[in-house]
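Next come two complexes, and both contain chain A; in the first it sits with chain B, in the second with chain C.
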Partner chain A sequence: MPTEVILIAAFGGAGLVYAAGRFSAALRNVLVVAVSVLLIGLVALSYGQARENTYYLGFLGLDLVLRHDALSWFFALCVSVVGAASLVFSLGYIGRSGNVNFYYFCMLLVTAAMLGIVLSGDLLSLFIFWEIMSWSAYLLISHKRGRALQAAMKYIVMSLIGSCAMLLGVLALCNAYGTLTLSKLAEAMGSADGGFLLFVLVTFGIGFGVKAAMVPLHTWLPDAHSEAPSPFSAVLSGVLIKMGIYGFILVMYAVVGLKLVLGLGTGWLNFHSVLCWLAAVTIVIPTFVAMLQTDAKRLLAWSSIGQIGYIVLGLAFGTTLGVAGATFHTLNHAFFKAVLFLSVGVVEYKTGGVRDLNQLGGLARRMPVTFACALIGGLGLIGVPLTGGFVSKWLIYKTLIAEGHPFLALAALIGTWGAILYIYKLLHNVFLGQLPERYAQMERPALSMTLPLVVLGAAVVFMGVLPGIPLRAVGAIVTSLGVGSFAATAGGFGPELGPLNTVNICFAAVALLILVTVVLRLAAKARRVPQTDTYAAGAFVPTGKYHHTVGFYEPLERMVKPYLRDRIDALYTWTAEVGRGLFDRIRRIYTGDVRNYVMYIVGLLALLIFVQLVWKMW
Partner chain B sequence: MVSPILLIAVPLGLAFAVLLVGFISRKLVKYVPVLAMAFNLVVSLLLLPRALTEPIIVRTGSWGPPFSIHLVAGPLGLLLASLVALIGLMVAVYGTDYIREGATRMYHVLYILLLTGATGIVLTGDIFNLFVFFEILCISSYALVAYRGDKAGIESAAKYLIQGAIGSSLALIGIGLLYGMFGTLSMADIARNISSVSPLTVFASMAFLVTGFGVEAAIFPLNAWLPDAHSSAPSSISAILSGIAIKAGIYTVARVLFTLYGAESVLLFVAILGLVTLLIGEMSAFSQNNIKRLLAYSSIGQVGLIVFALGMASVTGVTGALFLIVSHCLAKSVLFLSAGYMIHRTGSMEISSLDGMGQRMPLSSLCFTVGAFSLIGLPPFIGFAGKFTVIQAAVEQAGSFFTVLMAIALVGTVIEGAYFFRIVQRLYFKPQSQGSPGETKGRQEAPVSALIPIVVLAVMIVATGVYPKLLSMVLKPAATDLLNKADYIRHVLGG
Partner chain C sequence: MVIVEIILSLLIALGAGVFLVGLSRKVIARIHRRYGPPIYQPVIDVVRLFTQQSISHGVLFDLGVVLSLAGSLVTVLFIPLGGICPLCSSGGLLVVIYLMLFAPLGLALGAGASDNPNASIGVSRKMLLALAYELPLLLVLLSVMSHYRTVSIVEIVAQQQQGWWGAVPLPLSAIAAFLILPAMLGIRPFDLVSAPQEISLGPMVEYGGRYLALITLQGAVHLFVVIALFVNLFLGGGANVGTFLVKVLAVFLAGVCVHAVMPRVRIEDAVKFCWKWPAALAVLQMIIIVLWSSQ
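So, the complex of A and B:
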């Protein structure tokens, strides 16, 4: 099955859905589900193929190539599954508000563009699809209006800066080697000189770094992800930022090659160690910021930045386990971030748009399925055993410690510790604690909203208990990138990689659970107490005036907040303000007085002759 | 046998025929420009394949060059002539409904004359003939800017007239200096003999010519007339001015520098001048609140980028400049034409009055967005092909100086993206402002005569963006036509 079929189905599906929506909403909804399932099917069917074919000869003198290998398949599956989940979720979420046809069109267009990115075989195709993804994401982020407009502007300007940098890099490569096809570039890059290589890596790094939200290019993410409609936030955090990761893997490993990257630089200051430290900073600082957030979606957005730090750390580290862990964490994070954003989306939809953690609480009683899935997603993000997150984080820790980098390992551990704190904050403040009066009669969410949650949650658990199955795909990727070989059985890894057998852990956990349940059943009777009967050291606790979730981490907040002012965002905003003032002053060159203008004309003439007299240009 | 001289003669005749037709029937007057430009488009497209191999030389008065006024219809000339005809046709169709009040017959006469002037500029091989057509273009545009008759229009037209007249006078002095030195007015002949005279004397004439023609080409600091003129003119004329008049100016400057003088070493200065024009244009556009002024400053920015690309003097560079010329023509026309009816509906040129236009005029807003995205240089529109080729040319230059300049030019792109994305957001995502003058519910789309040109141009932007090979087949020979001075002389003068 040729690779173009996937792309044609994706782009064609977008157009078809828009056209269908003009006639009938029901037809459009059916088509949306059909197209998304079709895409998953097509991607799944193409497993194991490795091919490269030219699909467009002679675009501006270059051939455009599509490529399908282990790496493409992995990311394409990620994109299609999370995309499908979000689209099915949207059926219930978007309903009839706003311009619905346009929303579905843009969602499918973003998905199609992302599939195009991962299936590209040359850098020009990659750039074209990258840009299409960027501007369609911009249109979607603006969908909710109001504050979303400013968030979208910040996103698109930063994205544009990244794209311009990337375009310079692409053309520098084209000029040096005459081709942009990835396979041919990989062969030719062996003889590249260090300065040129650094230029290419830095320009691509800026381009991909903006999209992947590495510090210091991350400032667009919290605003954009929190103001976008929730299903699209899931796609943004789940797969769109992973496109930056895909780009990093592609350029650093597939094109430039591990040896060249590791050898780039002098002594202590070399490219890959700088990247590692940037990644470490990206793990630590956003994790702390996430702990202090009171807006559920902003908390998740900052958490995404932190998790991206893990992935980049694993990638930049350059060992087999590092790359494997990073790749697997990409898949895991996509799934559990999607689950978390979609759960928050359910809450937001049911409460009429409330995201403020200080006002929510106790919703586990009204939407138990959502709570269960959010719990699984959260546990996965923390990295609790039996979820996929544990395996990928284990791989990353293992490689950091084994190669002897205690500070980087410490940064990663701080990240996990922070993740425990903010995930608990999120879950407690939304689902546990007291249920406010106004939500006491809330109805169950619709099936279209809970179904994706259940499916993704099950996937998270599945990948935790039987990690060998996704790890087989990861192993194929690691081998194809030339970073060494990686073998995993269905239940974990063999002794040569440090033993880990998740199936055994699963059995142990289930056995423990059964034991505890039996003991509790046979033990003394339980006594029910009201929720307000908490320990208050004898003081009187007035009901209805004491809410457990307000100011959740206040002591920590007081300690840490002065250090966490968002200086980078302030820097960018200050630059924009200075720019705006400068532009306004430059505009005044055109004074409005025609005598000045005539003076300019004569002035240029005089300047030309003067320059010739003095410097003899010609 | 179709000859390029028809491209000039027929519209010229039809321009004056407008007055005659006007005596017969007022209603038919507005279709004459459509007829003239359709004829031009067909003829230039028919001639184009032949000209790709060798330029068509047309003699007048049965004397050969260098004694006669001759036309040199090469690939570059016919490409620009077809572009003029295409944009002219589209705006003429637009004008059938847009121009309703005032002296409409005069409008149509001047309109055809403007386009005849532009066509003549790109097709002629004689420097004074070029000046004559240049003046026809300029004078028609001075009058058309003032067409509305309101205070802003007359003031802008007066300022434009003063600056344009000074520019034309400087150009005339330059031509006079050349004639005095060489005794001939044929561009090929002058080009052949240019190296026989001392550089400083010749340089003076080049300085005069570049400054004089540069006023129309809107190079900084000569372009101060542009924001006023383009914003006060009726929108159809703004489209023509931004799309065609400026390009005629750029063509003239390029022809003077490359073919007439062969001034390769000056081109670095020209490139830097282009860069300055780009940055100042984009920065000034950013702070605008008036949509037409914003589009005018954006034109200045694009001209800067085109001149920067020309200043690189390589085949890729000039091809990129030509790509940008085509893409800017198409995109800016779409932008001005769709904005024209939006302004007409709301009665105000403020950008804030465009809020919510996505619901009221969906098709116009969509085409506006397509034009804006193309101008920023986003795939899959034609602007991307242009920017790609220009950056390719910059990176190809020896050393990294041009790469640094290109990085600075890309800052201009980011600024352009910022203000266009802001407008697109306003169109689609801001609710219509309460209490605005034209506030009504429901769709109020532009009339069909306006939608046809807008949609056709937008479709062309997408089509050429997805298949740039359609254009690069013509652009590469056109680029060599401009760059290759020896071949030009050989084709015109023979042997």
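So, the complex of A and C:
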């Protein structure tokens, strides 16, 4: 399958959907599903290809190149699957109100732009697709208006700063080597000196770091993720921030090369250990912040930052298993975080926009399928065995321990144990506990909303039980990046990489679950009682009066809250305020009065004459 | 052969766990200068509970108990019990610490099925207590794994049997692990999750009859798993099942003596304690290891 067909289908599909929507909503919905499924098919069919097509458009004397290899296939698959799931979910979620045509157009456009990013073979086309993605994401984040507008503004300002940094890097490379084609750059970079390399890595690092929401460039993410429409939150957290990760892999491994990256710096202070420790901070702090959130989507947004930390940590560490773990975690995070955001989306839709964890509860009874999927997604995020998240986190821990970096491993493990707390808080406060009176008669969510959840949830379990299959694709990437190669079996790894066999774990767990269930069945029968019929040890608990889960982790909150103020966000806001004040003062020179302008001109002339008389410059 | 080993290790865990629970009641009674129930009292209790009537709040309520006991039993299969370890080649220490999550997770899900404030409070405390003791525990485990340069428990035990017990090269880690042992076992001074006189068993408050029987068994297996892990990491495991069980008994009795004379602490104090002394000792040990290995 030629690479350009995928892009033409993606961009063409976006336009077609918009045009069809003008005539009929039903036709548009059918087209949305058709285009998204077609994209998955096209990407899946192109598995195993590795090539580079040059298109001599001769733009500014630079070639436009499309590329297809193991890395781009992997990310293209993530993009198309999560994109399709969110689009199908949108059918029920967005409904008929508002600017629906425009919404679908932007969703498809953002998917197409992301496919463009991963399939482009030179930095110029990558930058162009990058900007298309950034702007269409801006339109989607601001879709709900109101507070969403501010969140989107914050996002786009930070995104633009990132893009400027990236453009600086692109121009520097173009200036130095006269080409922007990735494969040619990779050859030329071998002879570059350290200072230039560092400059390039830092400029691209800022650009990609903003998108990937690495601490300290993360401040746009909590607002944007929570204010965006839920299906787009899934795309945003599932794949859009992963474009930053793709960029990191591309620049660090495919262009600059691991050997040069590892050699950058002196003694203790070097590029890759700084990146490792930034990643460790990115794991730990957001995890604790996530625990204290009371908005379901905000909680998930902070958790996304934490999970990005794992991916960057694995990448920065740069060993075979580390890079494999990071790449695999990218896929896993895309799936389980999409599941979580979509589940919260179902709840939000069904309750009329309630995301406050202190007002929900007991919904597992009204939407059991959604709860089961959210549980699987949550377990995947924690990294419990038999979910995909376990295998990828295991790879990262294992490499950190084996290489003798227990403190980095500690940061990673603490992030996981914090994740248990916030995931349980999310599940408990939304789905467990008391069912409020007003939701007692709630109807089951539509199939178009639960189907994407079930598919993605099944994928999370599949990748946990048989990790060998996705790891084959990951192995191809690791090999093509020149980081080494590893051998994976169907259920994990042989004894030389450390014992892991998820198939055996699965058998043991299933057998024991059956055994215990049988024992439970053989015992005396239980009498089914309503939820409110409880034993309160003699105390009187009026039903429906109290919400038991308000302030679920209050003791912890009292202890850690003073340490967790987002000073970075405060700093940025302060900078923005100062900047605005400064520019406001500069603006005052435009008084609109001609006499003032004449005065400026005369003043400037006088200055020029003065300069010429004193220094004889011209 | 593997099937026989699996059945054997499950029976050892259940038998030893139930025995330890019975013994603890006797020992505590004697420390309190009471006579105490017979050692086989937990067996009588479980049999009685299985035949008694109970109430259920629905599928999730049942599932929670099943998940919890099955999770504890699965964990047993990955821990070497003095040479018997049916599934050690399928996962090491990292798998074990994750598998140990299933039990509290199951109980928490089950507790969430009812509308009981005590269950909610208990689960919240359990989560916070877990966060509190996991920090030193992870430090301890990472020290052990870094020291022996492996994630396989069998390998760690083998290295100890050739040389010193783990507690000798890693004394601070061993002390830290012993300090958080009561928190992991849920005994005093850290029995604030169940706290019978205060929140009437917390997450378990709604369970009775057959469910309580399974939870009793789960508690016994969990007790055995935690202590077995301690013995494997710091006391050289066991050359055979006999010596292994003797070591388990010794560690347990030491824990029971603490339990018998301590009062219960509040959750804030538990978190502060765990993040102070055990964590400091464990960090110190880890710094020593990092400096030692970088030479």
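Rule of thumb we're sticking to: the second predicted complex is superposed on the first by the 597 of 618 C-alpha atoms of A that agree within 3 Å, B and C clash if a C-alpha of one lies under 4 Å from a C-alpha of the other, contacts with A are read in each partner's own complex, and residues count from 1 in each chain.
Please note the rule applied: contacts are C-beta pairs under 8 Å (C-beta built on N, C-alpha and C of every residue); 3 or more make two chains touch, one makes a residue touch a chain.
If you're wondering where the values come from, they're calculated on a predicted model, not measured in any experiment.
Q: Could you look at A:161 and tell me whether it touches chain B, chain C, both or neither (first, second, both, neither)?
A: In the superposition, A:161 contacts chain B only.
Q: Answer with first, second, both or neither: which of chain B and chain C does A:145 touch in the superposed model?
A: A:145: touches chain B, not chain C.
Q: Could you tell me if A:174 is touching chain B, chain C, both of them or neither one (first, second, both, neither)?
A: Touch partner of A:174: chain B, not chain C.
Q: Could you look at A:586 and tell me whether it touches chain B, chain C, both or neither (first, second, both, neither)?
A: So A:586 only meets chain B here.
Q: Go through the superposed model and pick first if A:562 touches only chain B, second if only chain C, both, or neither.
A: Neither partner.
Q: Which partner chains sit in contact with A:600 here, chain B, chain C, both or neither? Use first/second/both/neither.
A: After superposing on A, A:600 lies in contact with chain B but is clear of chain C.
Q: Which touches a greater number of chain A residues, chain B or chain C?
A: C
Q: Mind working out whether A:352 is in touch with chain B, chain C, both or neither, as first, second, both or neither?
A: Touch partners of A:352: none, neither chain B nor chain C.
Q: Once bound in the complex, which stretches of chain A touch chain C?
A: Interface residues on the chain A side: 362, 364-365, 382-385, 390, 394, 397-398, 401-402, 404, 406-407, 409-410, 413-414, 417-418, 420-421, 424-425, 427-428, 431-434, 491-492, 495, 498-502, 504-505, 508-509, 512-513, 515-517, 519-520, 523-537, 541, 543, 546, 548-549, 552-553, 555-556, 558-559.
Q: Can you name the residues of chain A that touch chain B in the complex?
A: Residues 58-61, 127-128, 131-132, 135, 138-139, 142-143, 145, 148-149, 152-153, 156-157, 160-161, 164, 167-168, 171-172, 174-175, 579-580, 582-584, 586-587, 589-590, 594, 596-598, 600-605, 608-609, 611-613, 616-618 of chain A touch chain B in their complex.
Q: Show me the residue ranges of chain B that touch chain A in the complex, using the header's touch definition.
A: Touching chain A: residues 158-159, 162-163, 166-167, 170, 199-200, 203-204, 206-208, 210-211, 214-215, 221-222, 224-225, 227, 261, 263, 265-266, 269, 280, 283-284, 286-288, 373, 376, 378-380, 384-385, 387-389, 391-392, 395-396, 403, 406-407, 410, 413-415, 417-418, 421-422, 425, 428-431, 468-469, 472 of chain B.
Q: Quick one: in the complex, what on chain C touches chain A?
A: 6, 50-58, 60, 62, 65-67, 69-71, 73-74, 77, 87-92, 94-95, 98-99, 101-102, 105, 108-109, 112-118, 120-121, 123-124, 127-128, 130-131, 134-135, 138-139, 142-143, 145-146, 149-152, 199-200, 205-206, 209-211, 213-214, 267-268, 271-272, 286, 289-290, 293-294
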